[in-house]
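Presented sequentially are two complexes of subunit A, the first with subunit B as partner and the second with subunit C.
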Partner chain A sequence: MEAGVSAPTGDVLAVDELTIRFDGHGVDLVDRASFRLGRGETLCLVGESGCGKSITALAVMGLLASPPARITRGRALFQGEDLLSMPRKPLADLRGNRLAMIFQEPMTSLNPAFRIGDQIAEAVVRHHGVSQQEGRARALDVLRRVRIPAAEKRLDAYPHQLSGGMRQRVMIAMALVNRPDLLIADEPTTALDVTIQAQILALIAELQREAGMAMILVTHDLGVVAEVADRVAVMYAGRFVETGPVDAIFSDPQHPYALGLIGSLPSLGKREGRLATIAGSVPPPQRFPAGCRFATRCPFADERCAREVPPLVETSTPGHQVACFKAPLEIHVGGLAA
Partner chain B sequence: MNAPAGSDVILSAQGLVKHFGGGRQLFAGRAPLIRAVDGVSFEVRRGETFAIVGESGCGKSTLARLILRLIEPTAGTVRFDGADITAIGEEDMRRLRREMQMIFQDPFSSLNPRMTVGALIAEPLAVHGLASGRERAERVADILRKVGLPPEHAERYPHEFSGGQRQRIGIARALATGPRLVIGDEPVSALDVSIRAQVINLLEDLKAELGLTLILVAHDLAVIRHTSDRIAVMYLGEIVELAERDALFEAPLHPYTRSLIAAIPVPVPGARGARQLLEGDPPSPAAPPPGCRFHTRCPHAEAVCKSERPTLRTLGPGHTVACHLAERLPPSPPSVVTAPASTAKRRRLELFAGARSDSVSVTS
Partner chain C sequence: MWSLILRRLLVAIPTLFLVMVFVFILQRMLPGDPLLVMAGEERDPVVLEELRKLYGFDRPIPVQFLIWLREVATGNFGASLRTGAPVTELIAQTLPVTIQLAVASLIIALLIGIPTGVLSAVKKGTWLDYLANAISLSGLSIPNFWLGIILILFVSVNLRWLPASGFVSVFDDPVEAFRTTIMPAFVLGTGLAATLMRHTRSAMLEVLRLDYVRTARAKGLLESKVILKHALRNALVPIVTLSTLLFGQLLAGAVLTEQVFTIPGFGKLIVDAVFNRDYGVVQGVVLCTAVAFILMNLIADVLYIVINPRLRTT
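And now, the complex of A and B:
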């Protein structure tokens, strides 16, 4: 597991200051999000509902409906080409080919009226101009790779004839059939039972190892993050509040929001009293504070936090950045609790 | 199993069965018979938190509804305080529902959007003729305070609240009649992580304050480990293991329980080493496999597992398991991993928790 920032030359994706605003909202729902992703690397975007993690992913894929969404700033270089300014046609040629996405709910991406073999084959035929027969052969191959039992028979099945776990595998098969360089997965296992989730995550990891595919995984599940991430970006109300190698995020969390998230997880070990909680809930965008957006819920916030936006500052660990005036807490507020 | 009133057991289920379908359909011949709950017995002790866990389709939600008699069992009995509630009339059952309430998973779809929060909470009071007029309004305000919402919110409508607040309203509504037994069907699984912790803490506080008995139906084992005293694990309509919390997590006996625990993603990087993943999906409850229902996915299955249905056997104090091979299985690998926290991290978490309890915990 390679920690730290990857060399710029090896970047599969480099996103700089991505800023997204929705018509009718006076604030940026994603505010200057920057990250890079090397070959084979997995970046997890973590945060709760409404933090902007999904719209960040959709923006990179060029799937954000505009209007109402408007990308007001930034670029997303995918192998040197800016996805954000790319015309529709070349972008459509990339998607489903070198760039693929899977969603939480497979039924939204699978067409209920077509057999799954034909749906997967279509992606091959469209992007590689092979024969229908060849497309079907590759579909069969990829269905076997995602361990669909009796794959030959399933080629002719319709999506509704499969279980949730099987559908999720079919969607992954469809995303992977053209061996993408970058996979964006938005909560791909959230709707699944834990035993099926474990199978799917192991499968994606295996395919990554083999093909060097980079992945952005959008999730709210810190257990999944610890398991698959190389690097993590914790998002709150549209901003990255802490980002770094996965070990740093879990062993040395610095932002009060990250601390609250980690402290609120029930442990699988012996019970240790009450769970830590974060007061209140995420404010609606029109009520985002002017300074640090976490200020209204942060037990350490003062006037400066309410007024000024804290920049992301590197900690002692390379690649680990925190946007908090009070970090590290033991130095800035440690005296208070004594 | 006939627990007299005043005993240690508040609820007991005996041989509960619920089959769906199987009848004639207009055009399609016979509908398949779904064995959602297939012979389940257990007892819940007064004041404990009893958890029922399992994956989708294992029958846990059906079981919860059977306990409250929201649906009628195909066979079996449920006793509440010793009285068989499957045998009593509608009117008696209605009276009894004051004592047994339910919290649902989705706080949005279980709250009528056209009713104010005050009216939603007052409704069960009115149904049971518990309070009227000014007294009722006071009760509503009191309950709202108990679940951590300002009483003024009684005037508002459900859509004005966040998910966590709506779940608090759902809890307030369940508590309005002063129940002794509360059943939560996945009460926190629709909530964000930080909100989930708030609601779990609230449930635990209320349980202690009001002397409730809780039955939690859930699939999140970390939440279960944190909140429950005893746990029943279900697979395809049957209880396969039942034990005290620590015994279940530290020395699980059933292969299914073991793989369920092993499959939980642990929030510790690099914690999960080589582990045995279950292959395939659970079979359909319309066609459960013969013998042990888990044998099609069990890494240890032998000939006997394919032909004979195992019954629950007691293998330790309060620890029962339905597995032919339970004594002969290899000891379970330590499945529970926790990370030793660095000094700085521990200090920060303490500071965070300390600062939180200093500030007034108003939830808005």
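And now, the complex of A and C:
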């Protein structure tokens, strides 16, 4: 199994200029988001709540409720097929099969009326046309893989009989039962206790390595990113402001927002000086600036930033892109991050 | 669950006692004297006095009540003042009629109400939704007796398809039973279907936006299965409870419809008994209705637990 840390051969997923608008909003909540994902690679989508990470993930899965959401532009090629323009039926054939998703809320993501085993088996039966018996056998197998203790007994348990951590394991089992090529995990640990968070994350990372699948991990936890990501895409107000290899992003953030984000990470920031924060807060979509959407909070912003949208441009590091007229920032201020 | 049932049954005892007190007092407050009819044209005071003594109506009302209470407690519901037939026998004759009508009505209500409710929830905001809502609103606002009369006029009198009145038990002649029951059941059922439709719609809308519905879609299930299995199974929880309560209502509340279609059911029995001041029959029927209602409530509670895994104790 190849570890695809750098330059993967053949993209599992290639998203191009994905643009999403919600009815009633006169602005694109996701604006021309583009990214690629190789086999076995982990891409972390990072950003504050409401920056469009989850919407992007749901759009790729075809799970955005439409209306109100409308994808007005872009493609999402999954192994060569465009997920966004695919009819319902073939898309449903991919979902839960080669393309799977784990959600943020394990407490409400399982159907309270059905047994765990049946809910997992359902995905197997749906995509492989096996018997219910065989489906349950595979459900048991995958429950063991996600290390649920006394898995045989859990098959017949109802969701309410399990803890949050156990339920998230069940969700992971459900997503992985058909051995997908791409796993999208939308803040899979946010709702869990801190101790459980680490366990679940380690489990996901391990299963991902085992299966060699690609993963998009949506998170706002930079500690998590540092641990699992191969590449990082930083989102702000619906746009990708910086993407690149995880090392480049952490050691040499170029976008003022990314810089603030990394700087505000206590465990990584050097002990000198105060904790860095970003002044202000994300404006509501109606009040997104016309140019760079970070312009209103950016200490370096000038007139051009307020007027023009900065494109993603390659920096000196290969694969590292930033959307900022002012990058690299060292030109303007020395040692701002510390 | 057994403790719940036991608790409910214990609570039922004071409820029933109150029902008995009320029906007894209200009835005695009604103007009119059942014995006047029995005493005949002359209304001979001596005969009246004798009758009064015979039926115990000369005693104070609280004493009469206690006597009735004692009789009921020993299983004796008394007899009709008019015909002398035992009340239990009258109930045994008419209750199955009403049950057959109620079951048929509920089936019709469920067959109409749930699919339209699901459909209008899934197609929320489209013309289908509005159409279903408009129909259900008219179903709620059209009075049963009026719909009954119109149906009789069209289907029975003009088209001569179905009999206008009467009743045949499903155990005697299923075909004829269907022919006599379908129209009154339709009249009762459509009214309930409107209620069921609205509740199904709101329950489905509630459920459809929940996370586990998204999970079902993420599994790649087709939309029909997402809706009919994952969403409906949960939306049905309140619907089952509602249906049980509606069934209890049907047992007691088919009075008008039974009158229109001259069905010899429970409703007709009690209306006739009230008009005739047939004390024993009224008391017996009301008591029986109260018991049926309490039972239906209990069944609703039990069903709620049975179909809701979260409430089941393991």
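The criterion applied here is as follows: the second predicted complex is superposed on the first by the 315 of 338 C-alpha atoms of A that agree within 3 Å, B and C clash if a C-alpha of one lies under 4 Å from a C-alpha of the other, contacts with A are read in each partner's own complex, and residues count from 1 in each chain.
Assume contacts are C-beta pairs under 8 Å (C-beta built on N, C-alpha and C of every residue); 3 or more make two chains touch, one makes a residue touch a chain.
Being a predicted model, the structure only gives us computed values, none of them experimental.
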Query = Putting subunit B and subunit C on the same copy of subunit A, do they fit or clash?
reply = fit
Inquiry  = Taking CA centres after the superposition, what's the angle at subunit A between the directions to subunit B and subunit C, given in steps of 10 degrees?
reply    = 80
Message = Looking at A:Gln133 after the superposition, I want to know if it touches subunit B, subunit C, both of them or none. Which is it: first, second, both, neither?
response = neither
Inquiry  = Applying the document's definition of touch, where does A:Glu48 land relative to subunit B and subunit C: first, second, both, or neither?
reply    = first
Inquiry  = If we overlay the two complexes on their shared chain A, which of subunit B and subunit C does A:Ser281 touch? Say first, second, both or neither.
reply    = first
More subunit A residues in contact [subunit B versus subunit C] = B
Query = Does subunit B (first) or subunit C (second) touch A:Ile262, or do both, or does neither?
reply = first
Request  = Using the superposition on chain A described above, determine whether A:Ser316 touches subunit B (first), subunit C (second), both, or neither.
outcome  = neither
Key: Which of subunit B and subunit C A:Asp93 touches, first, second, both or neither   = second
Message = With both complexes overlaid on chain A, does A:Val194 touch subunit B (first), subunit C (second), both or neither?
response = first
Message = For A:Leu63 in the superposed arrangement: first (subunit B), second (subunit C), both or neither?
response = second
Inquiry  = With both complexes overlaid on chain A, does A:His220 touch subunit B (first), subunit C (second), both or neither?
reply    = first
Ask   = Measuring by CA atoms in the overlay, how small does the subunit B-subunit C distance get, in Å?
value = 5
Key: Overlap of the subunit B and subunit C footprints on subunit A, listed as residue numbers   = none
Key: Complex contact set, residues of subunit A against subunit B   = 1, 48-49, 149, 163-166, 193-199, 201-202, 220-227, 229, 246-247, 250-254, 256, 259-271, 274-282, 299-300, 328-330, 333-334, 336-337
Message = Looking at the complex, which residues from subunit B come into contact with subunit A?
response = 55-56, 162-165, 192-198, 200-201, 204, 219, 221-223, 225-227, 246, 249, 259-272, 277-281, 336-339, 341-342, 344-345, 347-356, 358-359, 361-364
Request  = Name, in rising order, each residue of subunit A that touches subunit C in their complex.
outcome  = 61, 63, 88-89, 92-97, 100-101, 103, 105, 108-114, 122-123, 126-127, 158, 160-161, 171, 174-175
Query = In their shared complex, at which residues does subunit C touch subunit A?
reply = 210-212, 214-223, 230, 233-234, 307-310, 314
